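For reference, the structures are reproduced in the following blocks.
Okay, so subunit A shows up in both of these, paired with subunit B first and subunit C after.
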Partner chain A sequence: MTVGVEDVTVRYGEVTALDCVSLVAESGQVSAIVGGDGAGKSTLLKTLVGRVTPDSGRVVAPGADRIGYQPARGGSWPDLTVAENMAFVAGMYGLSEAGAARRTDALLERAGLAQARDRLSSQLSGGMRTKLEFCLAMVHEPELLVLDEPSTGVDPVSRVELWRLLSETAASGTAVLMATTYMEEGERSSYVTVLEKGRILLEGPPAEVVAASPGVVFTTEKPTRPEFSWRHADGFREWWPVPPPDANHPVDVDLEDVTIVAVLRGEAEPAPQGGSQ
Partner chain B sequence: MVIKEFRELSRDRRTVAMIVALPILLLVVFGYAANFSVDSISTAVLGPQAQQVESQIPDTFTIVQTDPDGDEETATDLLVRDVADVAIVTGAQPIAVYIDGSALFTAQAAVSAFNRLGDQVDVEVLFNPDLETSWVMVPAIIGLILTFIGTLVTAIGLVKERERGTLEQLAVMPIKPSTVILGKITPYFILASFDMLVVTLLGMWLFDIPFNGNPAVFALGAAIFLFVVLGLGVFISTISTTVGQAIQTAFFFVLPQILLSGMIFPLEAIPWGVRWISYLLPLTYFTEISQGVMLRGAPLDSLWLPFLVLTVMAVVVFAGAVLRFRRSLAPATPHARQKAAA
Partner chain C sequence: MLEASALTKDFGETRAVADVSFDVHPGEVVGLLGANGAGKTTAIRMLLGLLAPTSGSAHLLGAPPSLRSRRELGYVPQGLGLYQELTVAENLAFAAQAYGGQPAELTGALADAADRQLNGVPLGMQRQLAFLCALQHSPKVLVLDEPTSGVDPLARARLWDTVREQADNGVAVLVTTHYMQEARQCDRLLLMSRGAVVGRGSEADIVGDTRVVLVETVAWQRAFAALDEAGLPVTLAGTAVRVVGVTPERVAQVLGEAGVDGRPLQATATIDERMVLLAMAPSTT
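On to the complex of A and B.
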């Protein structure tokens, strides 16, 4: 097993945050964990970086000095400047002064923060701060980069820039693992894991996950199967295991559709164990 | 709106505690403790007529020592060591009375009582001859400042790290938890020490307060006291998730120290029903040390009790708090999660 977790279960009292979850973070890929609030994304990432010890299962991860981690809240020190933040984190990872300066220059340049190096982190825009936090997590050139919802609350332009940075990082051989609530980010990743209530609902390369979704989805004005219908734009979408005889308007499904279908199917016919497709 | 406010309040236990506990605390303190009149003055009677004087002295003067062989030197030593607040030396006319001016209210009561005897006694107030309030207050305020920085500012500094999520960042770095804790606490220790130095020197310069004792003894007392209050700050940070909560909690630790440590109201004037709280407060002991060293020039061996109590407090509070803080940097184990959920 490369970097990842295997059959990991994490409980908080009576609540099972992760239920027998396995995941691999491949080098050179951006892997996304998608899910809503309480799905278990953060717990999974914390388990991987060693902040949570699982009740059962196996965790394979590089040492702390080879992991870059950006927590969901914060990650930079607001009363330090961009350069001071970088110097502090570089120092904590044992980089020499010269090495830290070289790495800081390169990362800030890549992230478009070179002009902001003397600004306090608290004075940066949300997008700039996210990029700084990415730089902080990357300062020691980790093998595994773990980002907990880095794009939440970030404007669309900054999200595009963040994704450029993530793609470049993965291309250089780093295993990038990020949690997100945005389905389109799941679709952009090399491998997506959709979590729902601590279980893996769907997983695989996004295109394969979408292609493997059973049944068909139609647009309709008036749903006939309310338990398998959901609002979409001005109308509804409805899932059928096989096309109904009088069906019109079949649609090309995306990751969001197949996730909704998987959730609705799970609710209609709860799986005894797992739930992954 | 009113119902919503009550609902929110009822779920904010710290605010409820402030609403309920604070009025009770203030009532009890001001009702019982807010008393400047001293009913009992610890007194030593020395010299050849010591036993004769002892039998005639009013009840307000509680005899703690009678020594027919004692003289002026013995009297001063007893006051320096805080064995007595008043030392009467018999054998000459008029009788010499030495009063410890560092125990301000006791001294005022004693001076007033002896002044009624006119020429029969020769009263000398030592260590604070003009009975200046500032001379007594400044050594105590030094302790209050250390408490403020050690408890409140440290707690805020640590909670901020938790509140903005950077503690999580530190926890995954390849550094020991002890490095994080030491790195977080050392600046406050240095800042508090610097503040202490500035306030002490400023107090001496502005109010002409003497520094009669050994600065090393004072520094040692301040360092031990600082560990106690830093420990309290670290402890508060472990039971608070926001800066607001930390401030509220620190208030509960700081306010009783201001009111009950003997800084404002003399301990001797506080009834035992409330005074026992004073003896649980670290500032009570630091005030004893700072006033003793600065004003009376008290040596280390005469201050063994406050030093001992502060040392025990420092070990227990600081070690306990640091261990608690260390837990927040450690991985959440199944056992810890089970405990937290319970």
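On to the complex of A and C.
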């Protein structure tokens, strides 16, 4: 079964949160949805896991008992210990006591939380709580793991550990889908979907998205095309559809640059409806 | 402008900041990196005069921080430090009064939202307001804690435009961050680990000769599983397998024993991976 959404539109009153968005979460891969606050990431994840019913479009996902989902906030119970959180969620999915204990031991061990079993969730560091929430979402061995901003507020060392856990999960055949505000995480994923104001701005394997970006980007002290330039370190970067005559070496762009270029081009010359670049 | 000299802080037996020296000059943007518990926050609290050093000194505008010199400081905390129950205009007025000045003029979308209670205002606008609150009294030193966390790339570039204008006008800017995209906006970087400064300079200087072992193979799932099973610190980037802190020979051995095809290559580490290695290294103190 290919898991995903097709041409999904979601409106909250006057606001269109998602505008004809399609997405596939392949098993065996970590896919990432990247965007700033309000881009529609959470709505997209909630639509996929069945917490939001789209106004139009199609959702293909396994049943709720085959999905592991962690919302952006409040994914664990602060007044329960790590072990109690695990037992509670395992109970919700109807795991036997022995099965729950076995699964809990294995997951906490993998996540490096075995020593923290008796600590209250509220007393965990951001990195440890994220790992607990990962374990909670994985307790029933779901086919689809969906995490909303698991790395926000998590320090770099814990972030690498989280990526190890996500990598392990994907490598064992689960479809992993995560939302993040950080481009560098989009660059690490197998397939990235960049959302902007409820629409897909860019998508594909990150290296291909970067390679497919049209034109060239230069570093400059004084932008000559203000509508196509942006701040970078102590200078500016500037996009050109073709290199200008006196061009020096263009910059090696990354997903961050390519996203900015796509937004600026969209602002300068609105694309025809349904068209891509 | 902002200067730490042999700055040290002990909490009981624990040395939270150990002999840290650095300075931030006017017009300069310095990025302070490090994992949680590296000592960044403690160092900054001493520089802001919120915490007394155990030894060494923290100077703000050439002297230990005082009520007066702190008026020359602008600070945007990670949580933005705004009051959700107050309106946009009230937040600005409150911040202005704290520095004994008049509130700045609201422009654009913020002006339209002047009388709205903050908790109904989009996060992006709240962030702009937090910057305005920190900048309206024309500070000489600006301290920003993960200033563009949660912001899309273009909005980030625009916020950095604001920060850079300040630096161009001679303001000294210190930024703490966990994220590469923010670190790349800085003029130079400092990396802290276990209370000490362990790296300085550009991104390349900080990573230094730290290498990772990279395995690119169609059998990446099996390669990952084998290396993970062997207890090595392994992650995936796309379908490339990355291992920190081990030799290519060790990786080749594990892959060989598991019967997985794949030739380990060395590649330059990321700053995150450098931090993981620092965290893995046995403590020397």
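In this text, the second predicted complex is superposed on the first by the 270 of 277 C-alpha atoms of A that agree within 3 Å, B and C clash if a C-alpha of one lies under 4 Å from a C-alpha of the other, contacts with A are read in each partner's own complex, and residues count from 1 in each chain.
By definition in this document, a contact is a pair of C-beta atoms (placed from the backbone, for glycine too) under 8 Å apart; a residue touches a chain by one contact, two chains touch by 3 or more.
Quick caveat: nothing in here was measured; it's all calculated off a predicted structure.
> Between subunit B and subunit C, whom does A:Glu238 touch in the aligned arrangement: first, second, both, or neither?
After superposing on A, A:Glu238 lies clear of both subunit B and subunit C.
> May I ask you to name which of subunit B and subunit C touches more residues of subunit A?
Partner with more touched residues of subunit A: C.
> Once the structures are superposed on A, label A:Val52 by its partner contacts, choosing first (subunit B), second (subunit C), both or neither.
first
> Going by the contact rule set out at the top, does A:Arg164 touch subunit B (first), subunit C (second), both, or neither?
Touch partner of A:Arg164: subunit C, not subunit B.
> Looking at the overlay, does A:Thr152 come into contact with subunit B only (first), subunit C only (second), both, or neither?
second
> By the touch definition at the top of the document, which applies to A:Asp19: first (subunit B), second (subunit C), both, or neither?
neither
> Quick one: which bits of subunit C touch subunit A in the complex? Just the residue numbers, please.
29, 35-36, 122-124, 149-158, 160-161, 164, 167, 178-181, 184-187, 220-221, 224-225, 228, 233-239, 271-273, 275-276, 279
> Considering the complex alone, what residue numbers of subunit A touch subunit B?
The contact residues of subunit A facing subunit B are 10-15, 46, 49-55, 63-65, 67, 69-78, 89, 92-94, 136.
> What residues on subunit B touch subunit A, complex-wise?
164-166, 168-175, 331-334, 337-338, 340-342
> Which residues of subunit A touch subunit C in their complex?
28, 30, 35-39, 125-127, 152-153, 155-160, 163-164, 166-168, 170-172, 181-184, 187-190, 196, 205-207, 230-234, 256-257, 259-260, 263-264
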